[in-house]
Amino acid sequence: MTYTRQLIDTYPAEINLDRAQLAEVIDALSACAQACSACADACLSESADALPRLARCIRDNLDCADICAATAAVLTRQTGYDARVTHAQVQAAAQATRTCGDSCAEHGETHAHCRVCEQACRETEQLLKDLLPQVEPSGQGPSRPSQAAPQT
Amino acid sequence: MTYTRQLIDTYPAEINLDRAQLAEVIDALSACAQACSACADACLSESADALPRLARCIRDNLDCADICAATAAVLTRQTGYDARVTHAQVQAAAQATRTCGDSCAEHGETHAHCRVCEQACRETEQLLKDLLPQVEPSGQGPSRPSQAAPQT
Amino acid sequence: MTYTRQLIDTYPAEINLDRAQLAEVIDALSACAQACSACADACLSESADALPRLARCIRDNLDCADICAATAAVLTRQTGYDARVTHAQVQAAAQATRTCGDSCAEHGETHAHCRVCEQACRETEQLLKDLLPQVEPSGQGPSRPSQAAPQT
Amino acid sequence: MTYTRQLIDTYPAEINLDRAQLAEVIDALSACAQACSACADACLSESADALPRLARCIRDNLDCADICAATAAVLTRQTGYDARVTHAQVQAAAQATRTCGDSCAEHGETHAHCRVCEQACRETEQLLKDLLPQVEPSGQGPSRPSQAAPQT
């Protein structure tokens, strides 16, 4: 059991989402951010001949790493949950993993690190899409409890 | 002239956005991320009596700081621009600054740091909303040039 | 095998460090950063009675999360390795995990999330200390190869 | 007056450092992190002919951006100040700005963005060195107050 799951299980208040699903998404986002940072650096160490074709891939790697890390941080916080922020950030991460996965796919035959990174992006994108309906802001009322955390 | 603007002016390829507007948004996002980190810490040092009411504000500060920093990083990158990622991330930042500004507004009368932080959030939110139409993915074609950067 | 290890194994140039050890440290830093972010938020959701005593723990959690994430990023990059930067950043992370582990230890009997987070900090601190001699800048010469990456 | 300074001036407890100096260092770190992110991307958009020589510069840019951002975050937090963490992290940032400034200096004649980024790194390195003696952990006693924040 990862620390992520253990921390979710010891969170002292209510959590609006399924705890197993939440832990899985957060761990996927962290792993994807890490894979993207590593793929950017691996691209950077490719031969002078190959490097120029990888410039966009590096850019998409860096975006995806930053966005996945921010999204993991937002999902990690349960205090004063606001569905509107969560939903918008999860959407941005779904797009970033899609774009980066597509970029890596263009180089997968030539560069093994792009193949691995594409896999991390695709897995994370799928988990984010599965999460989106769970973090949909409700149309019928406030998306966050009116009572401020912490509980007294 | 900030380093942000100087770096934009020395960028060696085309930029799809107005350079002055882009520099202004990036600098506002950086300043807002910084203000939110500082406001979270200032809240944390309030009296034991006041602190519990500030828990949600701290959470919103931390989210806003992370999201603004990631958005500044995405907007800073021009290589292989993808409007879909940019647009989704700018939307998430507009929501985060809105939510955090609202949270700070609840405490502005009592805590001066929340007043300052609210101002940073409101300013940034407005700049992000002004930027949104400029980063709208086109409905009629690919939102990113088909030619890979860098230019040869 | 984590993506971290897979990316290290597909890195296209030489790596100055033991690959298994490097992957282990990076994964520990990521897990520790995640645990610290979660512990900060769990503290924030504790009762109004408990929260004020946890303010310093939250601060140490946030520092440790930021420093571990930056250190993981530095260790992930192999292109143009500079032992002086790596060594200084690993030292900072060893101190941050020490300080945060000590803070969490003060609350471990009362709060289960602090117990879990302390464990993540202690493990990571030990791995960082084991790594320090491997990233020591050499006294006898340049700590980085004189030849610029990438290889031609 | 930047938001950084306004937030420092509205911090509700004691600050161990000179407030003007602290604000100046934090703002320099933020500006330097931003300049380094932008320089990395500008390098990435250079011609296929120039890009391979810039790989190490990009790597140093990315390290410097991550380390400066983490250092700004640590310096921003005043709650439960621990000189040992602050000092170690400031040292890492001094080294990162030194290394990145040196890398950019190698390309300053050819690339204007490297000239601007070198200036940001040199300025920040100097401010960090000036700060180091102020954050030295005392040899004669605990480097952090024995009383936990927040004040009651």
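Every chain is named by a letter (A, B, C and D) in the order it is written, and numbering of its residues begins at 1.
Rule of thumb we're sticking to: a contact is a pair of C-beta atoms (placed from the backbone, for glycine too) under 8 Å apart; a residue touches a chain by one contact, two chains touch by 3 or more.
A quick map from chain label to UniProt name: A, B, C, D = Four-helix bundle copper-binding protein.
Only a predicted model underlies this, so the values are computations on that prediction, with no experimental measurement involved.
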Subject >> Identity of the chain that, by mean CA position, is farthest from subunit B >> reply: C
**OP:** Name whichever of B-C and A-B has more C-beta pairs touching across its two chains.
**Re:** A-B
Subject >> Residue-number overlap at the subunit A/subunit C interface, same or different (half cut) >> reply: same
**OP:** Take the average of all CA coordinates in subunit B, do the same for subunit C, and state the distance between these two points in whole angstrom.
**Re:** 27
**OP:** Could you grab the centroid distance between subunit A and subunit B? Build each centroid from C-alpha atoms only and quote it in angstrom.
**Re:** 18
Subject >> Multi-chain contact residues (two or more partners), subunit C >> reply: 41, 44-45, 47-48, 51-52, 55, 58-59, 62, 69, 73, 77, 79, 149-150, 152
**OP:** Using the contact definition from the top, classify how the chains connect: line, ring, star, complete or other.
**Re:** complete
Subject >> List of subunit D residues in touch with subunit A within their complex >> reply: 40-41, 44-45, 48, 51-52, 55, 58-59, 62
**OP:** Please give the residue numbers of subunit D that touch subunit C in the complex, ascending.
**Re:** 52-53, 55-56, 58-60, 62-63, 66-67, 69-70, 73-74, 77, 79-80, 82, 84-85, 88-89, 91-92, 95-96, 99, 103, 148-150, 152
Subject >> subunit B residues touching subunit D - in the complex, by the definition given at the top >> reply: 2-4, 6-8, 10-13, 26-27, 30-32, 34-35, 37-39, 41-42, 44-48, 51, 69, 72-73, 76-79, 111-113, 115-117, 119-120, 149-152
